[in-house]
Each structure stands twice: as C-alpha cells, then as structure tokens.
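Shared chain: chain A. Partners: chain B in the first complex, chain C in the second.
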Partner chain A sequence: MENLIYLDWASTAVPEEDLIYESVRASVKSFANPSSIHKPGKEAKELLERSRKMIADTLNCKPENIIFTSGGTESNNTILFSTLKKGRQNGIVISGIEHSSVFEPAKTLKEMGIHVRIVPADQNGIVSPEKIARVIDKDTYLVSVMTVNNETGAIQPVKEIGELIRRREEHLQKNIHFHTDAVQAFGKIPFIPEDLGVDSASISAHKIGGPRGVGALYLKKPLAVLYCGGGQERGLRPGTENIQGIYGFTLAAERRNSRLKEEFKRACELKEYILDSLSSLNGCIFISGRDHNSYSPYIINVSFVPLPGEVLVRVLSDRGIAISTGSACSSAHKKKRLRILENMGQPKQIAESAIRISFGPSTQKEEIDEFLDILKKEVNSLQRVAVKL
Partner chain B sequence: MSTKRVYMDNNATTPLHPEVKKTLIECFDLYGNPSSMHSFGREAHERVENSRRLVADFLGASPEEIIFTGGGSESNNTVLKLVTCRETACKLCPASRREIVTTQIEHPSVLNTVKFLESEGIPAVYLSVDREGKIDLQELNDAVSENTALVSVIMANNEIGTIQDIKKVAEIAHASGALVHTDAVQALGKVPVNVRELNIDFLSFSGHKLYGPKGIGILYVKKGAPFCNLIHGGHQEFSRRAGTLNTQGIIGLGKAVELAAQELPEEIERLKRLKNRLKQGILERIPDVHINGHATDCLPGTLNVSFMGAEGEAILLYLDLEGIAVSTGSACSTGSLESSHVIVATGLGAEYAHGSIRFSLGRENTEEDVDYVLEKLPHIILKIRRMSSVYAGGIK
Partner chain C sequence: MENPYLIKIGEIALKGRNRAFFEGLLFKNIKRKLNSHRCTITGKQGRYYLSCTDADKKVIDYALSTTFGVVAFGEVRKVPKSIEAIKDASEKMCEEILYCSEGKKFKIEARRSDKSFTYNSYQIASIIGQHLRDTFPQLSVDVKTPDWIINIEIRETCLIYGPLKHGPGGLPVGTAGRGILLLSGGIDSPVAGYLMAKRGLKLDAVYYHTYPYTSDEARDKVVKLAQKLSPFLSGVDLLVIPFTDIQIRIKERAKEEEMTLLMRACMMKIAEIVGLKRGAKCLVTGESLGQVASQTVESMRFTESCTNLPVFRPLIGFNKEEIVELARKLGTFDISVLPYDDCCTLFAPRRPIIKPNLKKMSESYSELEVEKLIEEAAENTEIIHCP
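Here is the complex of A and B:
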C-alpha cells in the first residue's frame, strides 16, 4: 500500500501489527476453551483474566466491571435493549448525535412501545446537560450520551450530565442508568468511567489499533443480557471467548494509554496545523472547533461549500487518500449520513459538503503535507467548476 | 506430571489450522473499514466477499444468504429471537404462530434462550431423545401445529455426537408451515451439509470449531425467510447484523472452510479409524462402560463414554495430570455439578451418567495419542473405582 495516505482513523485505526501478531501467537499457544477445566483450558482462562485485569487497569476499575463483547455496536445494543425488562414502565433519553449503534436500537425500541426522547445537540455539536436533565421523568430508565462524537469529535459534557442525572434521581426517588458510548474516546483522551459518573461505557478494539470483532462493556452493576447461552462473562455475555481478539485489544489498550499524553499533544499540533492550512480555502467552514478541551484532536470535520463531501472523498480516493464523509456505518444511506450534522442544526448545504479527516499515532507530518497539497488543489479546481455552474 | 500433551477436546474448541494462522497474519494490511468508500475499504470489502462466497459454496447457499456474526451463540439467539420477536410493529411473524419446538439435547445457547423466551410467555416443546440421542420423528410430527413458529433441532450433538435427520425434520416442520433452524456448530465440516438439499431456513455455525478463529460465526438465512436483527446499528451485512466487520475473523473463517472442503473427506475417515481404535481399546480394557451416542449416525471424532461408579470430573482431572485434555460435557456448562442434560435425556442410569467423559478427536490427534490415552485410562478408572462406594466391580 505504498504512497497511500490513510486519514480515516475514526472509521477504523491502522492495526498495531506487532501487537496483533503477538495476540495471534499467544492465542495459538493458549488456544483452548477458557471454560474447559483441564490444564489447556486453565491456561486460556488465565490469559483471559490477565487481559481483563489489564483493560480494567486502563479504565481504573475492577476486573469484574469488564465484560468482553464482539465490539462497540454489541456493547451499545446490550445497554439499549436492557430496557426491555418485563413489567416495567420504561423511557429512554438519548442525544441526537449518537452513533447508529445507539440510535438504531432506540428507534427499534420506540417501535416496540418504549418512550424514547431524543435531545438535539447545539450547532457546535455539544449536548446541553440541562436539556438532558429537563426531559428526565419518572419513567426514565436509561440515559445514553456519547463521550466523543464520531463525526465532529465534539467532547460531550458527560460528567456534568452525570451530576444532573444523579440530582434528578434523588428528586424522582428512582435509579437511572447512565450510559456513554466511549468508542471514540478510549485510548485517545483521558477516560475514567468512575470519574464521569457513568454506569456503563462501550469501548472497541479496532478504533485503537487492536483487532476487529472485539470490544468491551464497562459495567458498574450486572444488567439484563442481550442474548442467552453458556455462563461466560459472569453470565452476562455467552459465547466462547475470543482470546486472540481480547488479548490483542488488551495490548493495544495498554500501548495507547501509556502514550496517551504525548500522542494527544502531537494530535493537537497536527490538528492546528491542518486547520491553519485549510482556513483560507474557498468556502471552508470548520464544524469541529479548535478548543482541545471540547473537541477531540484526532477528528476534523470541515465543509468546502458547495462541494459535495461525497465528491471530494471519491476524488481524493483516486489520488490515494482515504478520508470519509462521516460514519462508515452510515455511508450507504444519504439520509442517515446527514443525521448527526442535521441534528446539530447545521444547514443542509454545510452538512452535505462535510468531510471527516481523522488520524492517529502513525500519521506522519509529511503525509499531512502531501494530503494538504492535494486537497487544496482539488478544492480550488472543483470550486472553479462550481462557480461556473 | 507428564510432559506429553494430548488434546482431545476438539468439540470445545479447536487449535488454529496453521494455514489459517498464516492467513490471519497476512491480512494485517487490509485495515480499511469494509464499509468505507475509499480504496482501503474496497480492498477489505473484496476479501470479505470472497470469504462469503467460500462459505456459501461450502453450504450450497448463495452469498447473500450468509451473514457473519460474533459466533455460534449469537447466530442461535438471532434466529430464536427473530421468530418470536416482541415487536408489535413486526409484520413478519403472524401473532398466531408463537410456539417453538426444540429438543432436550440442544446446546445451552439454544436451550437457555428458549427457556428465557418461555419466561416471556412463548410456549415451547422440548422433544425427547432415545438411548442413542435420536429424536422421534413421530413425536415431532405430533408436536408441530399451525401454532408452531419455529422448529430448532441441533444437527450433531456437541456432547454425544448423535446426528439427526434434519432433512426429515424440515419436511415435517414445513408441512405445518413452521420455519426450520439447525445449530450446525458441531456438524459443519464433519458431515456433508447442503442447505438446499436439507431445505432448512436457518443454520448456525462458528469458526473456532473448525480450526478457524474465535469470535466469528455464520448465520445462513434462506432467501425470503423472515428476519429481524438481534444487533441494530450500521447497515453492515445487508442491514442484518450491525458492527464494523471483523475482517480478519471473516477471512480466517473463509480459509478454514476452504481447507475443510479440501481436507475433510479424508480426515473424516481418519477420525473414524482413530475413534474406533479408542472405543475398542476402552471396551477391551475396562469393564462396566457404556458408549453414549448413536452407533452409526455420529460425529466421526466424538466418543462419549460413561464409566460406572467413577465421577466424570475425577476422571477428567486425573487425565489432565497425565497431560490429556478431555471434558465431561459442554465447556459452556462447566461449573455446574449436575449430570449433563444430554446424558440425562438419553435416560442413562445415574450410576453411569455421573461418569461420562467426552473424547473429541481432531486433526492433530494421532494413533500414538490414542494409545497413550489407552495406556493411562484403565489405571485411572481403577483408582477412582477403588475409592468409590457405589462400584463393586473390577477391572479386566
């Protein structure tokens, strides 16, 4: 893949090759079923529990708070569908900028008769804690607000939301489950669920250089299961444990978290550099802000009005550069693709022009320079055509 | 402690095929998200679709009938929950059809799901099995009605290896308009499976039982069969299973299936010979044993033996000390002290049922392994029986 520039890390990260190799190697050695009670089974179990401890350490929680799943989507689904408890009046509150793995389950729950309230974000892509608190009522069972938005990088005031939820709990005399989809936060910005006051959080391996098909759920207290089977994961998630995936995830989580501060600083510099370089371009409107406390430095969302984002993505792809218009999970449906930006109240024209540039630890400054050169040339020539039309 | 290690627990999980391992390592470069529009994504997408074709060919299905899931348990749950889904808006399953017909010897991922659905008000029938683990087709015929939504029968049992006549099951179920699912996690690659010939609507399979990676499974959904998602979100897998595709797992599974198609006809015969050697050896050396499972319709590498008056768990632990890994039943059920629900369903007496051991042979096992087990096992059984209060027999 020489000469190709990959700037779609929010969709999936470049795998940490040595770690994935190491995880395959370890899983060949400890290949047995961790539920088996013979020696090979115990060896596999040991690797599984060691992994759980290591992931727990990066989140500053107890190993028993970690449930391994097949990924962020399953983790989010598990929480959302736990609403379906028999004989309970249930309502859920989500933000309007949630990832499809929260938004689509919520839509399904609505069809099933669950009361779903969707709180929009403001034009900057940030959800107001007060607005969330205001819609919580005696029927509310679950509130789900993501930590970092996957399209704009906007960091949500999760801690403040948590505090207001606890106050509402007291007032309403009931428990409310507070969940956060932390898939874009984990390993990229400091993320300690306990500090944020959440009851659960979803994380995923492939967004931090780990393998696909594996993720975890931080769970403060046991919850209803998404599906049934054997007694794995303390009875909360059945299925033979994916040791290779879990161990690869663990190694990636450790590496990312040990270098979190310096990588964060480097990402801030890269982001500022890109923003400075693009700001003078014709029609340039940044949807992601500059403030690193409010926006992930790893994601830039920008529009070159009136150029359709899709056109830019394809033109750049032909030049060997990978970026995206938004979530890969929604790339096939135009209406779904624009959902998040439209929810923020962004004008249709800006939303349709949006592209997402996202990078990671192995992104080189030279690659960024080459990308900026090509992008500027393409934007300028396309803008000239657009003016003529 | 022995340094020799013999792994005879291939029904719990299998070691990676060396070729699959190579494939897993080779596909590092394919890191694009298969759902992305750019060239990185397209390349990963092509490899994923190639895998889907390999799986479809192996099953006699079309590629668009194959959905990749997180494993066999997820596949089973998806099917069981979809036909009984509680979505009031769902038009797929007429409200009159709510019942499930299954068997007493299903894997926990089917059995516990059906039990859960029962607690939600879905009626369920659990078909009995005979001494060899076969269901009674007449009983099935009597159980299905115009109320039956789904018939789910395990193709090959994970503990005793008995293979059911799924084609007949499908005929009977379809005659009353019910849908048919089979959990083929243990069967696929060990017995010929063609979904068109069997005429089934759903089939579950898992990669790690066939020398492939863990955390990846398959769900076959016949074209036109009703479907509701278990996992909602992105539009992956024809909008039937959300979540970024596990590229590595999918490609690894495709490779495992490709290898199985090539190697298995010969491997099945080899496993049968090894199993027979083990069975005959045990019968010659140890008295008061009962061979569980069907004499002929049985997985080629699965041998489940009950030793009268010897606790299965004790046998397992003594064998483990000699470096031999076997199991007492399903790994997914370990930790429970009760006798295996499968062995109990066959009606085997308690004095035998508690002493059941599953030997499941795989591609790495040799005649030497079998002989090593035959050398160690009689002494272990003798030792345990001597301590037993219920066993008064001897050893040959």
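Here is the complex of A and C:
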C-alpha cells in the first residue's frame, strides 16, 4: 500500500529488508544440514553457532543458554508444557495478562488436571510481586510472568518477582522455574535475563524486524520437554535448523541492540508527543502510563469511549493507517480480545474502545503528525455519532 | 447402456390441473443445477427419469438432494430384458447394498408393465429372491419388514434399483411466487429462508451493511451464508443495502430504548421497496416469538405495520435449539457463529423497549424523517449473484 502509515509494530515490525536478503544469501551459501559431518555441513554448523553466539551476546549469556525455536509461541509452549514431564502434582502460576501463547497452554494444562493459579494485574496493568509470591506453595513448579505486556506496554516487576520466588524457594526447599515472555521487551528495552533472575525467557525475530517463524528460548539450565526427535538444539527443539531464519534473527537482534538506547530515547519522545496531542480528545482514556520505567515507550493503549476500537481501526485503515485493537493475535475473537483489559479490572466499555498504537525505529515524526491529524478528525466525527450531543 | 436416475415426488402428485406447472418448475430447477451437462427428464405419474450422460454421480446426487419437490431419488440400472441379465444385475446391486448396510432381511418387488415378458411379477420376484439367497447365504427374505428392497420393473427396458436416497421434499422453488428474505449474519435467518424455499418461495436476500460500524468480514459472512443457501433456493441474489446513514439518523434522533425497533422498521421498509421492484409478494424473517426485545408480539406488530407486504416468520414457534439443529444440518451454523457482529454496540440500546405502543412508535418513526435516506439506500443497493 502506498503512503501507508504503519503503527502496528507490536504485532509485527517492518522487516529490515537488507538483513533479510543478507540472511537469505548466507543460508543459500551454507545450505547443508548442520548435523552433517562433511565440509558443507560443518560450514552450516559454523553459521548456526556464530548466530547463537551473537544472540547470546545481546542477552549477556552463554551460547548454550540459547535454543532456537519458531518464535514466541513455541518458546512459551515449550516451557508451559514441560510441566507435564514433572507429574500431575505440580502446579503453575501465571499472571492474568499473559499473551494467549501462555494463557491458552495454561488452560489446556488445567483441563489435564494441572493446578493453575492466575494472578490478576491491577488497574494499571501491573502484576504485584507479593500477590504472585502469596500463591506459590509446595506444589508450584512454574511461574510465568511476561516482561512487557503486548496490549498496554506495562513493564512487569520481573526482577522483584524473581527475588520473591527465590525466597519462597528457600522457604519451601524446592526449585521453582521462573519463565518470562520477553517478546515485547527484547530489542526494545534493556533486557538481561540473568539480571532479572529468570530461568527462561521467550524472544521473537519478527517483532524486531527479523524474519517470521523464528525466535529463541533463553534457558538457564537444561529442562525435560515434550519434543522428541533428532536431538538438535540440545534435544530441546529437535528438527533441522532454520539457518536462514536464525541468521536473519541474529542480524536484526544485533542491529536493534546496538541502537537500543538511542531508539528508546526517541520512542519516549514520540510517545510523550502522542499522549500530549491526544489527551484533549473527547472520551480519551489512556491505559498506558507516561512513566517510561513502568510502560514501554513503544506501545500506547488508548480508548475513546464509547467508540468501539474496531470501528476506529477500520476507519483509519481506509485512510491508510495501520493500528490495532488490543493484540493482533486475538483481534478476531472478541472475548479473547477483551481478556487482558478486563482482567485488569477495566470496565468493558473502556476495554471495547481500546486501540493500540505501536511504533519502531523507522517511524518518522512526520508520519506521526499526519496520523494524529487524521485520528483527531475521525475521532471527532465518529464521536458526534457515538455521543448524542 | 447409461443408467438413469429415478426421481419420486410427494405432494406435487396430488396437484390436479396445476400439476404441469409444478412439474415444469421442478424440471427447470433440476436442469438449472446440471446446466453444464446434457440431461433430459422423462416420465409421468409422479415417477420421473433423469438421464444425464456426462455428469459425475456426486454432482447429480447433490443436485437432487438440494432440490425441493424431490422426495426420493436413486440411480437405476438399465439391463436387457432377460432373466439372466436381471439375475446378474441384482447380484451386483446386492453386493453394493451389503457393502454399506448391516441389514440382512430383504425383499424383491417386481412390476411388469410389458406383459410380453416371459415371467409375471410374482415369478420374477421368486426367481431373483431365490438366486440372491443362493448367492448370499447370510441373507433371508422378509416381505413384511425387510431391511431393504430391490425393485425390478419390466417396461420398454428392464430397470433395477435398490434403496432410494432422501430428497428434501416440499414444493419446487418458484411455485409459491417471490419473497424477500431479511438475512443477517445470525443463526436464524438462513434457516427461515430454507424453510420458506421448501414451500416453493423464490427468494432474494437483503443484508444491511453499516460500514465502518460493522466490518467487511461481517458482510463476507453473509455472502457465505447466501452461497450456502443458494442450492436450496435455486440461486439467490443477495442485495447489500448501505445502511450507515440511516443508522446514524436513528442514533441522532431516536430515544435510546427505541433504536432497535426503529432500525427494524427501516429494514422492513427498504425490503419492501427493493422487493416490489423484483416482484416479491412477501417478506421473510428469522424472528422467533420472545427471543429478543424486538421479537415480542408488540414489537413485531409495530415492525409489521411498516410494510404492506405479509411478513412470514417460519421460526416463530421454534426454540433456539431446534433452530440450531436445522442450521447445523443446513451447514449454515458454522458460518453464522463466526465472530463478526452484524450490529455495532453503539447502536444497541442498553434496555430496549419490549412492549412498545404502536401509535407512539409510529410517531417516533415519523420524527426520524428518514424516507429520503431509505430511498437512497434502496437505490444504491449492491447486488451479489449467488448461482
């Protein structure tokens, strides 16, 4: 689409074209199976391991902590379903604002007889570490709390949760696996798993301009999982490695992380600018706060009550602007779409009105100006219908 | 020798002098579905034979099982008029039946209109029955309560057929005139359309599109519903009516609790206008008494007062589960439950009126001053042909 203003980076980032092509070229050159012991096989293996090292560097961890997967959903599923290897008496704890790729596996585990506890977030979309610690008991095997929420941008107190979990571990004299879905954090805000005290973390390539269908799992210690096969990725994710995807992911991760601070600062300015500009509009309610320590500067969640978010998304789409309602993964399913905001205790009307504006490194100030112009006009004209004057 | 299909009809056979009209439309509707193939229909007295040289069996089965007026049908084997040939053919047919039926009790029904044939009906039945018992020892003859029957007819040629498949029954589409179906994306209205087509009504469908308040996905869903219904309706035109301006006018001027009813009133008016242009003599809705606020006696009395055409509501006495069951059989249920709303929450009152006063509602309607918008909407209808 010509003149598209793309503000839906939280569902998929605009790909870094040059890096995608570079990864295709490299993978065509090193085409062989990295498990083969002949020369071209070794060459492919070398590219794979170089990539692993590069991703590990961005996370300040060892290469052996990195397991390449098909993306965030698979990484989250791998950890959640590893519970089944631990036996039925093991329970799990998740927050109420998790992405569907954590929430749905937890639901399935519950159906299979696993004890699942869901801890809601507060009205600001933040999960209380104390509330998490309180529900951990001697049967808890896994705790999963995301780093940055995909709909509100709320940054969760992962470090504090980690510390409390370790204390509970000591008290209960057992190990608890602490997982975080860091898909919206990686490459956007500083994210070092070791510093946060997590045992595993999910990251994804297409959220940072890399190719689709690839991601990774940071794993502190080896873990028994459900997958079986040829033993690739230390047996945790068997299957011939997706070298092109993995190398493209690596290049994108490197680019994002090398410019993380500058981009973060720029995103903060853009977000402030948008919030200031929208706050005077009729019915405007921000769910994302201004504090950049508590909310990702890349995501803005705003409602123009009582205007349904999906109506606004359609109108803007016709004007060449791409934004979303809630998360793209659940846009088509109304009940699922409202789950996160309703879990936070937001009234249904605010949840139904919510739209998500998310941006990235190539978002230009001029685009934002044009977007704001159009959004204001459309909101005003739609509100004239929505609210009887 | 190519095999024809036997088609049996039900109540059409009871029509007196009008029978030719009903038969004519039945044949036309069947041929319409097989129009890319060469086919002829012959026969009389409620038994017809469809010959279609180049169509796949599945295509013919589908055409006949979706054509109202057809009560039963099945492929008939044409064999030479010799008892040996009849034995062979019966044996083959028996094998086929045993392949898909558990039943072991059978009966042979023979009819002989060509009296020059060596054996009479009774003799044919005995000979073939004996032959099948000898060939398939597990079978037994039961003339009173058979599990299945093989029919043998000695006419100009000899015809043999086993159990027939069920057709949908009813009357051929078009024999009851034309109507307009108000088709939403919900579960009920497609079923209502099916039931009225079963009684011979030729339908066009209208859908009211409120973009951007409802999505194009909601519209596509209704197109899919119309396509799914189309075989039973012998083709249908879906008329997509741009409804946004009217909906906005209602929002601007109506009392909140009256919004839905006034919207329904406008829909009736538009359906009447576009319907009359197409020769429709009635409207059809999926309403069921008391299901929602706009489907109480008082509400329907008001919405009905907005049109001079009779409004047929074939589901009026149905429970939701009964409607769902029909929708599942029809294959529309899975489409209807797709999560695309056909009405935006902005236009849905929190507490809709359930016992409206006819006079007051009529006044509220006049206050909308919506006539011009209604004419424009009818004028700007988009037509989607669903063959």
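Operating definition for what follows: the second predicted complex is superposed on the first by the 384 of 389 C-alpha atoms of A that agree within 3 Å, B and C clash if a C-alpha of one lies under 4 Å from a C-alpha of the other, contacts with A are read in each partner's own complex, and residues count from 1 in each chain.
One rule holds for everything that comes next: contacts are C-beta pairs under 8 Å (C-beta built on N, C-alpha and C of every residue); 3 or more make two chains touch, one makes a residue touch a chain.
As the structure is a prediction and not an experimental result, all values here were calculated from the model.
When the two complexes are overlaid on their common chain A, residue A:Y21 makes contact with chain B while staying clear of chain C. In the superposed model, A:E104 makes contact with chain B only, not with chain C.
In the superposed model, A:R168 lies in contact with neither chain B nor chain C. In the superposition on chain A, A:K271 makes contact with neither chain B nor chain C.
Number of chain A residues touched is higher for B, counting chain B against chain C. In the superposed pair of complexes, A:R256 makes contact with neither chain B nor chain C.
In the overlay built on the shared chain, the residue A:P306 is in contact with chain C alone; chain B does not reach it. In the superposed model, A:K188 lies in contact with neither chain B nor chain C.
Applying the stated contact rule after C-alpha superposition, one finds that A:R314 touches each of chain B and chain C. Common to the chain B-facing and chain C-facing surfaces of chain A are residues 310, 314, 332-333.
Those residues of chain A that touch chain C in the complex are listed here as 306-308, 310-311, 314-315, 318, 332-334, 352, 385-386, 388.
Across the complex, chain A is touched by residues 5, 7, 9, 12-16, 21, 24-25, 28-29, 31-33, 35-41, 69-74, 76-78, 81, 86-89, 107-109, 112-113, 115-116, 120, 206, 208, 213-216, 229-236, 242-249, 313, 316-317, 319-320, 323-327, 330-335 of chain B.
Partner chain B is touched in their complex by these residues of chain A: 1, 4, 6, 8, 11-15, 17, 20-21, 24, 27-28, 31-33, 35-41, 69-74, 76-77, 84, 86, 99-105, 107-108, 111-113, 204, 206, 211-214, 226-232, 238-245, 310, 313-314, 316-317, 320-325, 327-333, 336.
Listing the residues of chain C that touch chain A in their complex gives 211-213, 215, 217, 248, 251-252, 339, 341, 344-346.
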